[in-house]
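For reference, the structure discussed in these notes is given below.
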Amino acid sequence: MASSWGQQLKITLFGESHGPAIGVVLDGLPAGEPLDLETLQAFMDRRAPGRTPWSTPRKEGDRLSILSGVYRGRTAGTPLCMIIENTDARPRDYGQVHKVPRPSHADYTGRIRYRGAADPRGGGHFSGRLTAPLCAAGAVCKQILARKGIEIFSRIAELGGISDVPTDTANPDLTKLRTLADKEFAVLDDGKGREMVELVEKARSQGDSLGGIVQCFAVGIPAGIGDPVFGGVESRLASLLFAIPAVKGVSFGDGFAACRRKGSENNDPFCLTAEKEVRTLTNHEGGINGGITNGMPLVFQVGIKPTPSIALPQRSVNLETISEETLVIEGRHDPSIVPRAAVAVEASAAVAITDLMLTAFGVQGWGGTYHV
Amino acid sequence: MASSWGQQLKITLFGESHGPAIGVVLDGLPAGEPLDLETLQAFMDRRAPGRTPWSTPRKEGDRLSILSGVYRGRTAGTPLCMIIENTDARPRDYGQVHKVPRPSHADYTGRIRYRGAADPRGGGHFSGRLTAPLCAAGAVCKQILARKGIEIFSRIAELGGISDVPTDTANPDLTKLRTLADKEFAVLDDGKGREMVELVEKARSQGDSLGGIVQCFAVGIPAGIGDPVFGGVESRLASLLFAIPAVKGVSFGDGFAACRRKGSENNDPFCLTAEKEVRTLTNHEGGINGGITNGMPLVFQVGIKPTPSIALPQRSVNLETISEETLVIEGRHDPSIVPRAAVAVEASAAVAITDLMLTAFGVQGWGGTYHV
Amino acid sequence: MASSWGQQLKITLFGESHGPAIGVVLDGLPAGEPLDLETLQAFMDRRAPGRTPWSTPRKEGDRLSILSGVYRGRTAGTPLCMIIENTDARPRDYGQVHKVPRPSHADYTGRIRYRGAADPRGGGHFSGRLTAPLCAAGAVCKQILARKGIEIFSRIAELGGISDVPTDTANPDLTKLRTLADKEFAVLDDGKGREMVELVEKARSQGDSLGGIVQCFAVGIPAGIGDPVFGGVESRLASLLFAIPAVKGVSFGDGFAACRRKGSENNDPFCLTAEKEVRTLTNHEGGINGGITNGMPLVFQVGIKPTPSIALPQRSVNLETISEETLVIEGRHDPSIVPRAAVAVEASAAVAITDLMLTAFGVQGWGGTYHV
Amino acid sequence: MASSWGQQLKITLFGESHGPAIGVVLDGLPAGEPLDLETLQAFMDRRAPGRTPWSTPRKEGDRLSILSGVYRGRTAGTPLCMIIENTDARPRDYGQVHKVPRPSHADYTGRIRYRGAADPRGGGHFSGRLTAPLCAAGAVCKQILARKGIEIFSRIAELGGISDVPTDTANPDLTKLRTLADKEFAVLDDGKGREMVELVEKARSQGDSLGGIVQCFAVGIPAGIGDPVFGGVESRLASLLFAIPAVKGVSFGDGFAACRRKGSENNDPFCLTAEKEVRTLTNHEGGINGGITNGMPLVFQVGIKPTPSIALPQRSVNLETISEETLVIEGRHDPSIVPRAAVAVEASAAVAITDLMLTAFGVQGWGGTYHV
């Protein structure tokens, strides 16, 4: 637990926002899987800060260094460690943090949990920056899953109260979904995207921030993957997704909306395709029944709260003088973390699905060619 | 994983809906904790079927037998196994299930996952009946936590679209919350409860079902409990809650509503009590920052879909003849599982919080008296 | 950890020597595997007490009741729970135990670990009786492994200083090994066995006890099973074997004898069979290189200390009066636990190998027929 | 599992012998523990190659870089990642390894396990070089344990058949044990040590290698640490120790010798000290009863096989031409790995005891001062 996750594929995150480096170890990957390093880095770039007006101006190339687990361009099967050096750390921005905790950040709880010994700069190990190695892990898994015919997409379904267009979760338009990765703002309706960007810029100018909802789709997962009870797809995905800072809700299929419907409206009837394959007419369940995949697209939503780092003055407490104080956060921050969180959500899905597939098939059952 | 959960307190569920018995093993409990068996059974009775008009007419006393781990009325510290014999099993009701899967049930996915070998009667291991041993585990933990000053409450926050009254999550009214356990219908506003009951009865008469939302409160948890990243309170609780059949969403604090707010509206400013203790003015975060408790009430919501077992005819597929077929489900079912799911949610919270506390303090750090 | 073990196959033991029942849950078994209940019980009988002059006169039928996870004679794939009721418990024999701990038993350490709250009767959860459910788990796994061509054998390699005949570990005589299960005293050389029995009877008449060494063989495991570093075959097997009470040493292949040899004597050179298959000429390594199976027989030894329960007076301390005292243990005990421990060792090997195979191949990669 | 280990303290090893770097992540350490980097490096130097005539001439400074988890000279409580760059890698020495596997190495099993994709150079992830990050983890734990009054010592108890002097395991001479860390050859009787060195040099001149036995002592562990059944001290330690390459046996207390004794000779009678504290007169059990510490010194032995890398010609198989072949191993190797393995054994003990203590007391129960 804590900073390790997974049953057959174990990932371990480490690092602090302003320490020497952040990184991840993936243990249990199938061996012999080719890794395209450019594609890997391109996925990282989707999350990297400083690239768009609506992300923090902190400049980090987020260049991955692979320390182990890759041999001649393929996964070796042994633990794969990737690190990212922190190059643009400005720890002085955070001098006050361990005295006057920022509201709705982990400064206060981290101080108690770690008895005042943890690195408070930029949130330390609690920083959103830890999603960079999570994305690196996901980028590796995405390449491996693609070879099994599994594709994963994420979009900004809602931001600042504005919704992207609804989509047919039973028959998603893959051509459209495949365009999302290349967009600066990952929505299906670019008009709605422009409205969201305007809201984000307005929030920034006001020293405020906005939350939103990320929606994620995974297609091509075979039916029968997942375990009952605590090993279900929802349980495993949720435990990973709630590790992304700012996530406050996770729902599958139609989620909380389903809770307002009748059974006759919400059930997904089974039908046959022309090829006599079993599927469901609708996909209110998001591709999961009883924790196990049913072969329909896996669909889930992740609620992202507004970035707690805002420029407006806030009420807090000085933990040394034990007195109330007004806090003004300096440093560099995203007025909305949603666009970058979407990439972390997509990465988490890739990691979780790889672990689920490896639980079902094992590293030997996974197959693949001997390349020596 | 699968049917085991937990880091320092491990629970393992077993059993099928119509097999000889269902049960649970709790491994890692602190030793020497007195267990009141009447209180234990009273908690089980809140979940048991056949007690109210809106639950399935299946009659199960759900009498707990303790096989191990209790000595002279106290936890021995060794694995505590409790079983419940299935007395009113009517397996013939489910004869068709493994041929024509029920929509939005686990019949189809379970058949694939277990290669046709699992017990299909009443959903087998996927049945909501498995929440009975989960409740037994939670009932044990609730008694242990109460002695540490931790209380847990659950209510039906919404059912069939009707909402119970809002409540102040920063300063919950404990007197009112303490009445919930004794109510036949666990709402704060009994008028709203009667409206919900009417809706449930109407749904039943129509052969249909209703979903809803359960809200859970835990007060008295010290600040600093939980681990970063994957070991956070949200990750651990969510992985347990999604094991309850019919759960499609989990959110903490203000959940998805928070995602529509600005940071300045959603942040919880720190303040001092008259006794100079740190707390927050509001509790939008539900008592958790960065995965770690902050000393405020833990608040979360669980979305429960409408029971998939409805009496109305539904479209499905006969998996033997590979042809579409109309299915009419017989058997006995709850027109809304929400009232009974609330008890399972409360039990899950008790299990998760006990595990979190044991992770922080250990069995030796837990304390307690030597009784010999 | 604690009373749960395994990665893809998780087993959980519960129960106390003189409580209502002892049992085991196996979670993660492949589905659809036929279980022969007579063969299951026959394996249990090899371990059961009261059957031979050299085992405790306690009479326990050790009749297994299956509570879950078996449907129509096959594994359902869901958690399989088996229990054994304690029928011949005589708790009065152990009245003194929690006051005056028996030397080299867990009475003292258990009292501290569980703060005096654990069931002290017959060692409680620490009792050798807990090997009964471990044997039940192993008996299930043995049937499943046999269908994959994997056979496991155990023998008393040494008892009271007398050794059974050496055997060729590279080319074991399967015909002879297959006779072991039916012998009252599992040695290859029955003459040596009779010498051992005489020693055991002499020890019993003297109120004393004897230790020995169990050797275990597993043939038919494919090469390439196991994981590096902490997931190696030795690590996983050893963590299981040291859970058997009285085990004080575990060694693989030639074990400690290898440590007295030169590399040129101890290395296993590779060669080809007539069918051009790779194997090793010798098997000093016991079928494992770097934690991974190499296709040769898996061979390991388990050192069993003399039963600590002896009839002779012993020095101890009264923990209530805090004074030294002479202790005379009454109750019923084995003058040598080695013959019964051998069955538990064999069972542990079956459990560990099944977990290793499931880690490599997964439940889906395992194969098997759909029986519906 | 695989390359991660631990319950409350999780360590994850990564790296290949000739890759860019090797390293370790420690997750779950108590926060605020001062780390002395010089002492850390000094422990590493005890294991480092190229320092003595009897170790491989490969020159590696084994300089630790700390990437995370340390703040202002103390453990932050967050994952501590340390890496060691591989500076003197000479991969060409190993060109043949993936074609003609070295006897009793992991070349063949690794090739099958990883489908030919793993880095074969120097054994890759299977290399004894991976004990360097294990030692780094142990060095951190040793400093933390020392502050709790727990000291750990290792010695070469036997090498090439020559034994160091026996020692009183009930009352070990701490003054003597404390000298071991500074010795070039960690024996109590330096005369015996010189005999061993002569044997090692002779073996090297013959192109051969020698095995031996390491003995480890840990004093100061409180009674009551450890869990029953699979969570016992022996199970946990053994699963860690068998991860050290070349380990073929692990025994506790008097180990296999105890198996040749009578109960009356092997039991450890309880007695009282002058201060009325409970202890045992002898320590045949090595400080553990029923998997739980009893307050006496923890004593165990680890059997190390002769280094499989020998200069003498050996029989093997060319896996590409499928024909038998004579193999001559070049590269640089230790004629006996025992002296360096002793350091890894000591490190493993430190890691395991820290995990056991954290399981008992938790990170919060651990105590320590708030330093901010």
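First chain written, first letter: the chains are A, B, C and D, and each begins at residue 1.
One rule holds in what follows: a contact is a pair of C-beta atoms (placed from the backbone, for glycine too) under 8 Å apart; a residue touches a chain by one contact, two chains touch by 3 or more.
Quick caveat, the model's predicted, so the values are computed rather than measured.
> Report the chain whose CA-based centre is farthest from the CA-based centre of chain C.
Result for max centroid distance from chain C is chain A.
> Looking only at C-beta pairs that count as contacts, which pair of chains has more of them, B-D or B-C?
B-C
> Determine the centre-to-centre distance between chain C and chain D, using the mean Cα coordinates as centres, and give it in whole Å.
Chain C and chain D have C-alpha centres separated by 26 Å.
> So, what's the distance in Å between the C-alpha centres of chain D and chain B?
45
> Would you kindly tell me how far, in whole Å, the mean C-alpha position of chain C lies from that of chain B?
Comparing mean C-alpha positions, chain C is 38 Å from chain B.
> For chain D, jot down the residues that touch at least 2 other chains.
Within chain D, residues 2-4, 7, 13, 28, 78, 113, 125, 224-225, 227-228, 359 contact more than one other chain.
> Going by the contact rule set out above, which residues of chain D touch chain C in the complex?
1-5, 7, 13, 101, 103-110, 112-113, 123, 125-126, 130, 158, 160-161, 203, 208-213, 223-232, 234-236, 238-240, 242-243, 245, 247-256, 258-272, 276, 278, 280-281, 284-286, 288-294, 303-310, 312, 314-317, 319, 322-324, 359
> Help me check something: in the complex, which residues belonging to chain C touch chain B?
Residues of chain C touching chain B: 1-4, 10, 12-16, 19-23, 25, 27-28, 31-32, 65-69, 71, 74-81, 83, 98, 111, 113-119, 124-125, 368-372.
> What part of chain B is in contact with chain D in the complex they form?
Residues 7-8, 28, 78, 224-225, 227-228, 358-366 of chain B touch chain D in their complex.
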